[in-house]
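Order of writing sets the labels: A, B and C. Residues in every chain begin at 1.
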Amino acid sequence: MDIFLERLFDGVTNGAVYAIMALALVVVFRGTGTINFAQGEMALFTTYVAWALTTQDVPVWIAALVAAAIGFVLGAVTERTLIRPVRRRNDMATLVVALGLFTGFNALAGLLFNSETKTMPSLFPGGESDYVAVGGARLYWDALGVWLFVILVIGAVFWLFNRTRLGLHMRAVADNPESAALSGVPTGRILMLGWGLAGIIGSLAGVLVTPLSPHQLSLTTMFPILIYASAAALFGGLDSPIGAVVGGLVIGVLEMMITGYVEFIGGTLPQTAALVVIVLILLFRPTGLFGSRQMERL
Amino acid sequence: MSPSPDQPPELRISEVTLRFGGVTALDRVSLTVAPGEICGLIGPNGAGKTTLFNCVTRIYRPDAGTITFGDADLTRARPHRIVRLGIARTFQNLALFPSLTVLENTLVGAHSRTPAGFTAATLGWPGTTARHRRLAAEALDILTDLGLRDDAHRPAAGLPFGTLKRVELARALAARPRLLLLDEPAGGLTHAEVADLGGLIRRLSTERGFGVLLVEHHMGMVMSISDHVVALEFGRKIADGEPAEVRNSERVVAAYLGKAS
Amino acid sequence: MSTKTVDVPVEKPAPAGRFPITIVRGSGRYRAGQLGLVALVALLLLAGASAEPFRVGQFTSVLIFAIAISGLNLATGYTGLLSIGHSAFFGLGAYTTGILVVSYGWEPLATLPVGVVLSFLIGVVVGLPALRIRGLYLALVTLAVGVAFPELVKRFADFTGGAAGLVIRARQLAPPDWTGLRLGQRHLWLYWLSAVILILVLLAVRNLTRSRVGIAMVATRDNEIAAAASGVDLAVVKTAVFGLSGAITGLAGGLFAMYIGALSPDGSFTLLKSIELITGLFVGGAATLLGPVVGAFAVVFIPYYSADLASGHVSGIVFGAVLILIVFLMPEGAVGLLNRLGRRIVRITTAAETGSDAGRSAAHSAEKEGEPR
């Protein structure tokens, strides 16, 4: 029972990270109608920067904030210079640009920080004895810290979208850019803000997940996270934040349970399994389990 | 009551209902296009005219009701079979293929007429090329008839709007339809062009033997070329009869101009 | 989706004057041009073959990737189905050849058709989601396929050699007796084999894309709904195209196995390879006949030249930068650009257009070899 609980805790912790990464993807999709394939690698890059700062004796929290700030700038600048000009052209162009960013950022991180695996210090106390006992299982502080942090982020995003004017503008732009523009909403700035926000969320995801074992900071760390986050986002048809969060948690828990209990699926096959499940969802419920049916005007 | 063999079939739309979430876009709409006649479909914006078209061509699936074309039940057919059953359409906002030439755009319309197999095409079977030549020749004839011969080999992208409307018409004609669904063909045209268009539709309908269901805002054209007119408002049919009768119907006038009170 | 636009550079009307020179299809000048082209290709191939073995190997690699990218071109270029997982077909073809040769003693050449058929079937299966989901979602599905392939290879290690890889002994890849080549001339055997297969593939692609099926493919890309309303069976087109696309890339994979002799799942069959194929496609020119050949040069030589600089990461940056630059500066790709400029100089038309032969029925629209759609 205690092993089950520990697996559950690990699953929820991982799931929480997938959830906020999925949120970042949803923010971008609602704003620009495309998925930012490069979200993971941009987060990787900012996490490397944060790591580099910690090696210079900068406190982890400050490093994390710097990473978030850089994530914001990267996101906003990318939207303005690379995505917006191409977006109206055709769907494929945006995806191709995102792919280019994916490759580019990964390689850039490798170039600047070399490919050795690094250890990223945690934002929370992560010692051997820093845990609380729950039902015979150990719930480590750093896991709990991640949960709380993620709840904060999710809460902040929901508050932003549903209770602030900025959030209202963002939803308007995502829904109908032309009408929003006509109503005086500064659509350009809103789009940049959206991507910037996604950049912050992604950076936070990176800083949160890399200290957790077995994740470490290396060039391949963020890719599986992106896969799981994409799968989680698809739970909500890419435009439902609730769906993304639920999806993330479900996937995180399932991953831990399956790798723990089922022999056949080991190593990195869970990623594939996650994607297969999503493909099946897309085939039978194309708008995801939580998303809204979208109508097209002809 | 079956039509004679060379007469096009009758389109019968019966009690068609379609809902989008909480909005009822079409509410028990029924109308019949008699074999070979030109039927005008009018109504203010949002009345459901294009939605009705989309039901006929199976872009949408009605929640209730039936649509038959002669003996064929359209509500069961897959979208690409509709044209095979003899119904071709144009689109309100133009739906051409920008990277293809005018001729190629027209040729796509003929796609349903003879099989185009992958294997045969890849291997360059002589039969395939001959068929292609024949269909291209027919397409060129249609283009000539519509005054588009000179544009045949230009890419569709970048051509004037009026030209592109005719290309869409050409594409629909290439399918040798028995019924043509025209969605606001006069949109964006000048008065002179509209008059020409009206005459063109009548001539083609008689010459090539097809019926027409025409959505149009240009009252003059609709009234002058239609054999019968149907009016929709908020997804419901509010008038159905001779052009003059419908034009003078109080309900129709009220729908367009709003009720005075 | 119905307002999806496509990058079509609008052509400026040709200036009056000597240019463009018109050449009528089937005329004397046209035939001379065709002959000249054949001679040129033959000369280039012979020149390539006479280089030193290492270079010949590089050229073979270019030929193989040209085939792989041609496959991708059918699905992504002509039909608009973006696939980020074509590395899986490449790998499927390669491992089919590898396993059949190593574990079952097959003749390498005989394994190629098997790889083609398998890749076709898997391609059709992967294409099935395309029926219900749109471009972006389809890209995610193909991503799944591309990511899954190396994992599956590693999982079934007994069969495939797993992460350690699969090695095909040189002797098993020796040129067949009928070629008259010795074991040490294996590089020439693969060079010419790849060249011949590339030419056959290009001919097949040319036939397909010029036919009404080809027009249907482009129509599907430009406007699905209108295509369906015109009678194009989207289901058949999409699945068949994906099958064919996978099959051609799988064929390239089989050749690759024969060429490289040592397969490793994380070597050439990962997501990065998919991205390289896409880069090659867009650099060369999507939806053009010869674009994949040009793109293959980029795919082979960019890593080669950047490998020396800073442990290979530079090639990733270059690929990323190239992808972005191409989208901005040259979305039609090198061959697309050349075609457009070339049309100012030479225009190939049919007899009917120039009115020079009333007896000939009007045929295909004016297009030069490899013209983008």
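Following the convention adopted for this analysis, a contact is a pair of C-beta atoms (placed from the backbone, for glycine too) under 8 Å apart; a residue touches a chain by one contact, two chains touch by 3 or more.
Listed by chain with UniProt protein names: A, C = Branched-chain amino acid ABC transporter permease.
Fair warning: this is a prediction, and the values are worked out from it, not measured in the lab.
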| remark: Co-neighbours of chain A and chain B resolve to C
| Which one of the chains is farthest from chain A, going by Cα centres? | B
| Going by CA means, which chain is nearest the middle of everything shown? | C
| request: Between chain A and chain B, tell me the centre distance in angstrom, where each centre is the average of that chain's C-alpha atoms. | output: 47
| task | Measure off the straight-line distance from the CA centroid of chain A to the CA centroid of chain C, and report it in whole Å. | result | 34
| Whole-Å separation of chain centres (CA-atom averages), chain B against chain C | 39
| Which residues of chain B are in contact with two or more other chains? | 59, 91, 93, 95
| message | Which positions in chain C are in touch with at least two other chains? | response | 2, 5-6, 225
| note | Shared-interface residues of chain A (touching two or more other chains) are 298
| remark: Residue set of chain C touching chain B in the complex reads 2-3, 5-6, 8, 10-11, 203-204, 207-208, 211-216, 218-219, 221-223, 225-234, 240, 244, 287, 349, 352-353, 361-366, 372-373
| task | Write out the stretch or stretches of chain B touching chain C in their complex. | result | 57, 59, 78-84, 88-89, 91, 93, 95-101, 103-104, 107-109, 111-113, 116-118, 121-124, 128-129, 131-137, 140, 152-155, 157-158, 171, 175
| task | Spell out the residues on chain C that touch chain A in their complex, using ranges where they run on. | result | 1-2, 4-7, 76, 80, 82, 84, 128-129, 132-137, 139-141, 143-144, 147-148, 151-152, 154-155, 225, 271-272, 275, 278, 282, 310-311, 313-317, 319-324, 326-328, 331
| task | Could you pull out which chain A residues touch chain C in their complex? | result | 34-35, 82, 85-86, 88-93, 95-97, 99-108, 110-111, 114-115, 223, 227, 230, 234, 266-269, 271-272, 275-276, 278-279, 282-283, 286, 296, 298
